[in-house]
Amino acid sequence: QSAWTGGDGQPTTPLACSGESPAPEPGEYNGGTPTNAPDRKGKDIKVVDIPKLVGVGYFASTSSGMAEAAKELGSVAVSTDGPTRANIDEQITFIDNYITSGVDGILYAANDPVAIAPVLKKALDAGINVVGYDADAQADARQWFVNQALPNGVAKAMMDQLAKEIGEEGSFAIVTSTFTTPNQARWISEMQAYTEKCHPKLKFLETVEAQEDNILSFNQAQTLINKYGDELKGILGMTSVATPAAAEAVQQNGLCGKVSVVGLALPNAMKPYINSDCIQSTILWNTVDLGYAAVEVMRQVADGTLKPGDKTVKAGRLGELPIVNQSQVLLGQPKIFTKADINDFDF
Amino acid sequence: MTAVTRVLVRHEAILAILFVVALFVLAAQSDRFLTTANLLNQARLMTEVGLIAIPMTFVIVTGGIDLSVGSILGLCAILVGVFWQNAGLPLPAAIVLSLLAGTLAGFANGVIITRFRVPPLIATLATLALYRGLAEGISQARSVRGYPAWFATLGQGELLGIPSQLWLFALVAIVGIFILRFTTFGRTTYAIGNNEAAAEFSGLAVERTKLLIYTASGFVSALAAIVFVSRVSTTRSDMGTGIELEVITAVVLGGTSIFGGRGMVVGTLIGLCLMQILQNGLSLSGVRGDGTTVVIGAVLIVAVLISNVLSRFSND
Amino acid sequence: MRSRLSHTLGTLGQEILLVVVILALFAVVGSVNARFLSQHNLTSIFVGNAYIAVAAIGMSLVIISGNIDVSIGALIGVLAVISGLLATNGYPIWLAWLAPLVLGALINTLVGCLIAYAKVPSIIATLAMLSILSGGLITFTGGRWISGLPAGYQLAQFRLLDVPSPVWFMIGMTILAALLMRYTAFGRSVYAVGSNAEAARASGISHAATVVKVFAIHGAIGGVAAVLFATQLQVIQSTVPVGLELVIITASVVGGVSILGGVGTVFGSTLAAILFAAIGSSLIFLNVSAYWLRAVQGVLILATVLADMARRRRTG
Amino acid sequence: MTPLLELTNISKAFGPVKVLTGVDFDLFAGEVHALMGENGAGKSTMIRIAAGDHRADEGEIRLDGEVRRFTGPREAQAEGIAVVHQELLLFPALSVAENVFLGHQPKTRGGLVDWAKMRGEARDLLDRLDCPNLDVDQRVSRLSVADRQRVEIARALSRNARVLIMDEPTAALAEADVRRLLEVLRRLRADGVGIVYVSHRMNEIFEIADRVTVLRDGKSIGTRPVADVTEATLVSMMVGRDIHQLFPKEEIPQGRTRLEVRHLSLAGVVEDISFSLHAGEILGIAGLVGSGRTELAQTIFGVTPATAGEILVDGEPRTIASVREAIAAGIAYVPEDRGQHGLVRPQPLRENVSMAILDRLTTFSVVDTAREQSLAKDAIGRFSIRARDARQRVGQLSGGNQQKVVLAKWLATDPKILILDEPTRGIDIGAKTEIHRLMGELAKKGLAILMISSELPEVLGMSDRVLVMREGRLSAVIDRKDASPDTVGAAMMQGRREPALAEGAGR
């Protein structure tokens, strides 16, 4: 089985195999603009955050970052609300209701970039500031997007770490949420491109779906282990649900050190495995910072201090963040947490 | 018991009263609630669930259930995209083909249920998995986007100041009301739900009626898929996941007995509207989504309780 | 004597069919990839899905009694979170294990009372409960996962005679429930109530009390499932898997419990749960493209159901 | 001596409808007290009150002289009151043995259900009722109506009750079964059990009852020792007038052949049946329970399409593979099981009456409710159905009135051939006469009637010819002039394997 499953058909841009890639030029602003937005400069604003879904650790931590920023700023009231399943339709309904109820700003993490666009445009038309984070929408449907890490950056971090752990010729499989989830799909296709370029001998086995369900993720990882036996050297977890579950499967099978788990996960969920030396690392951006940055950006968009053409933006305790891809604020490179530093983080 | 009181203790009437009460309470909470723009917008948002709820009322009146509607919606949404983009057909042709496919999917449900006598719950649980699986397999998890602008008029446009899909919904609803209330087909539907064997012994077309109902359910789910795709201008294989529970909630809240034999399309419509304004109105009054969910659950119980209590006083 | 044997075979038909299907599946997949039959893989098939099998036992009781419960998934989620919170907040571990059983029984007793005494149809009562529990769960946890569980809490990771505890729970509870259903007056009255509620009343069986008890037991069994769910990993998700209730209901009905109530055994539902788990795993072993996985699952469920229908028609 | 059971001044209304007004009734140990009355007189309602199933609005129930208030059937049962209900209340999905013992299964010492003992005792009970062929492990859903009725009786007997109430226990039984049942009742009476017995069959009353109480329009007309009454007095007490001719058979000239059946078979159940039926003729079908009469009727009616043979209507061969085709061919069938096959009980009378002719009441498939209403009104008048109005749910009518609704429904189809399967089962004597008169009238108009009945007097009284079926085959065709209990009975029994059975019904 050679095809990596999950591509979204967009062109890939693998980074250089070694060395830092310079941040790309931002280019011309391609985001939207709210029509007849009232002057919100310096005024208290009411912001609503509508993540893909509520009830998962990932968005609980972005939401706590938002609360932190709101508290620091003092002039932003932010609340999180959203569907209990990653469902495009429900998310749209939530946003629609908040447009009607009249908020100053909307923060979103899109379940689908296109499906969400009409309602976001409606928000812009109603004079509401719209900023995305984590998962983007069509650029003209929002003003700015806080990108936690560029997909090719994620791909590089994941694959370099995997190659480091299982060797350049090891075999691995992927556990993802669903093939239709845009972020994961994008990362997987970037990973494929990057692997072909930089780790051509790594052997890809297969991708399995596990929803946002940790027991299913665990079962799927178990099945991969049972199916491939010694051949399987590594499991890539594409979601913060799948990675700890895969780690758990490795641990319960007594395969610590024999099968590596590399993936995206919240440090808290991975601490037990990393602290017991079963798993070496976990990769993620700081999700608390992501939420924090989103609110900071929202404040500056409302104030009008972040304008098209800017090359950086100041984001409170995070300092200056670069602007990339025309209308995105880049949080940074994905961070690789290891035993050395994981206990310094709590999210 | 006079005719008036008999009508008043009907579940549907109680629900309508509840609806009006909710309307006033919610309007008092937020002045943005009771506006034409908001209400029309809500109507737009509930169209897909509403469309499917009409044939679902028939299905449940026969004592059956169709859990596969969400999957049919997903499958048909995908097919529009696949026919149009991958097979290169003109969009109208793709739409027609997708409607056909949905009809076929519903027909297949009907055949499994009537010919092979598989209980509807089991049959549609199986096709729930099957149709969703087909959607995933056919789409290879790729979404199709970039539909021509005219296509969006159905889902995002207006006609005479009213969201365009609402016209379609109204048409389907009126047809549904008419058929269930006034025609032989409707009579047969009730008779099947109350005593299938007796209906059979009376020479009513039991099998054909059931087959048609499940087929219609597939067709209307496909129709909802088109509206949905047009509204969100994209297709994904996970569209419509879980919509069956929303639809069923609307139908049973509307007074259709899950055991069959009793229920009206009007009830379903009221149930649907009640659910939608609760969601919207509560959100506008600052209640979060999870709180709204709790309230809807409570309303569901209260509605049935009230109608149970009142029906004690009626001998009908 | 002959007729007794054929009668026993008749009632066990679905179970035998399921065993045959499971064995055939094992044989086919095993011949393609012998690793599938490793003891290790077989246990992991059971372990990871034991909570579904356990919950399906309670669901079978509910369905046999002529009711349905669509809130079981949400209930498992709530109980798992409560168990986890007790454990992380320093309460004794046995309490964290026991509380879900008691709470599950209490919550469902309430649901049972709504159904039995207030005459709210079970689908409505449990749809409402689904809303209330799932909404309430999010409100309560704010979506945070529970981690930092104390050592020794992971009941599902214990082993006895080298067999993981979930497997013991699954087998033990199935046998217990089977005995309960066959050899106690209560068990028989569950069948009676589901078969013909009015006749049950005339036979002096309290319909209401039976239904309440069924729901209470179902709740307690749901509590066991929740503990297995919560203690399998080191974190507890604060949302339940989407559609868990449908998976559990499917296991029950494919296991031969008639949705119309009155017939069925608990062995069937456990076997069906095992079958689904095995299907999930074997498709990976057979290298079925993951895109088509769900479609294949659907076909297999449908095939099992159709085979059962053919068998029923043969035996009359 | 205090009565075992005493009901005083019982009144009961359903909504605005007063069903019982000030009824008194008493029952002594060791007697059979018959309860009679027209359909809808309130017999079943009174019984349900005694059984704790309904609560009386007024009045008292005394057991051994003590006032009792039953809150449910369970309490009444605990006091030793057992009931055979008119509408069979069984669990179709459970086995015969379980149906008999549900609610009071024999237990092992550990408190578990003792299956072996339960099956054994069920076997004994059924043997007492002389049904050795009834398998105790069989699911009740597979039994014929008659067998179900036996199970229902066995269930009541299994309770070892002090008070045994039987609401038309023999409605679905044939002569032979009736005798056995009466035999059992005599034994119970001798053991001191008090028995309330409801039946529309006079001969049973005179054979078994000690006293008889007659209800009319929910009021007690009187209680008399059976020795003091005659059939005529009972009838006039019941209907308030005299009825002389029970089976008003008229000679009607026979017309052309309406229905001809050639070598009709339904694999395994009905074998090689040939007969013809003429306009104006009433053809009776006699046979033991389970002889395949219902199956034959349902085969002709397309419910279970024939596996071999031909059906000719008016000389033309017709394929009848469904009920619709049968109706189109002008055949109507009044089924024996009205609850399951005849009526949609939760729906209004009006919709039931029109159900088989909906197609004719529609324009562009829209039902003409005005015509439907007048159709229903006609039916109520013509069959004197006791109903509040055409909108009343059929399920709320008394058993006999439900039967009339079924008849009305099928006559509305204006059939050429009418198949009646136990047409007067559970029907009071007045209505029965009425139905028989109606049959004669219909025959006179040229209708061809096929009548299945387990009541030999009815078959003999009404038929121009009698077909006798045995084990799925035609065993004899007997002309009216030759038909007698002996000839028909002999044809029913001929070559039967169980001598006990033959003896029982041959008398």
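Should a chain be cited, it is by its letter among A, B, C and D, assigned in written order, with residues numbered from 1 in that chain.
To be clear about the criterion, contacts are C-beta pairs under 8 Å (C-beta built on N, C-alpha and C of every residue); 3 or more make two chains touch, one makes a residue touch a chain.
Predicted, not measured: the structure shown is a model, and the values here were computed from it.
Novice: Relative to chain A, which chain's C-alpha centre is the most remote?
Specialist: Taking each chain's C-alpha mean as its centre, the farthest from chain A is D.
Novice: Taking the mean of the C-alpha atoms as each chain's centre, how many Å separate chain B from chain D?
Specialist: The computed centroid separation for chain B versus chain D comes out at 44 Å.
Novice: Using mean CA coordinates as chain centres, what's the gap between chain A and chain D in Å?
Specialist: That gives a centre separation of 73 Å.
Novice: Express in whole angstrom the distance between the two chain centres, defined as the mean CA positions of chain A and chain C.
Specialist: 35
Novice: In chain A, which residues are in touch with two or more of the other chains?
Specialist: Answer for chain A, listing residues that touch two or more other chains: 5, 54, 84-85, 179.
Novice: Residues of chain D that contact two or more other chains, please.
Specialist: Counting only residues that touch two or more other chains, chain D contributes none.
Novice: Specify, in ascending order, the residues of chain C that touch 2 or more different other chains.
Specialist: In chain C, 134-135, 137-138, 242, 258, 289, 291, 293 touch at least two other chains.
Novice: Who touches whom among the chains?
Specialist: Contacting pairs: A-B, A-C, B-C, B-D, C-D.
Novice: Which chain B residues qualify as touching chain C in the complex?
Specialist: 67, 112, 116-119, 121-123, 125-134, 136-137, 140-141, 241-242, 245, 248-249, 252-253, 257-259, 288-294, 296-298, 300-301, 304-305, 308
Novice: Give the list of chain D residues in touch with chain C in this complex.
Specialist: 51, 53, 72-74, 77-78, 83, 85, 89-95, 98, 102-105, 107, 111-113, 115, 135, 137-138, 142, 155
Novice: Tell me, which parts of chain C touch chain A in their complex?
Specialist: On the chain C side, the touching residues are 33, 35-36, 38, 40-41, 44, 48-49, 51, 134-135, 137-138, 141-145, 147-148, 157, 229, 232-235, 237-239, 241-242, 277, 280-281, 284-285, 287, 289-291, 293.
Novice: For chain B, which residues count as touching chain D in their complex?
Specialist: Its residues touching chain D are 1, 182-188, 190-191, 194-195, 197-205, 261-262, 315-316.
Novice: For the complex, which residues does chain C have touching chain D?
Specialist: Residues 3-4, 7, 179, 182-185, 187-189, 191-192, 194-196, 198-206, 258, 261-263, 316 of chain C touch chain D in their complex.
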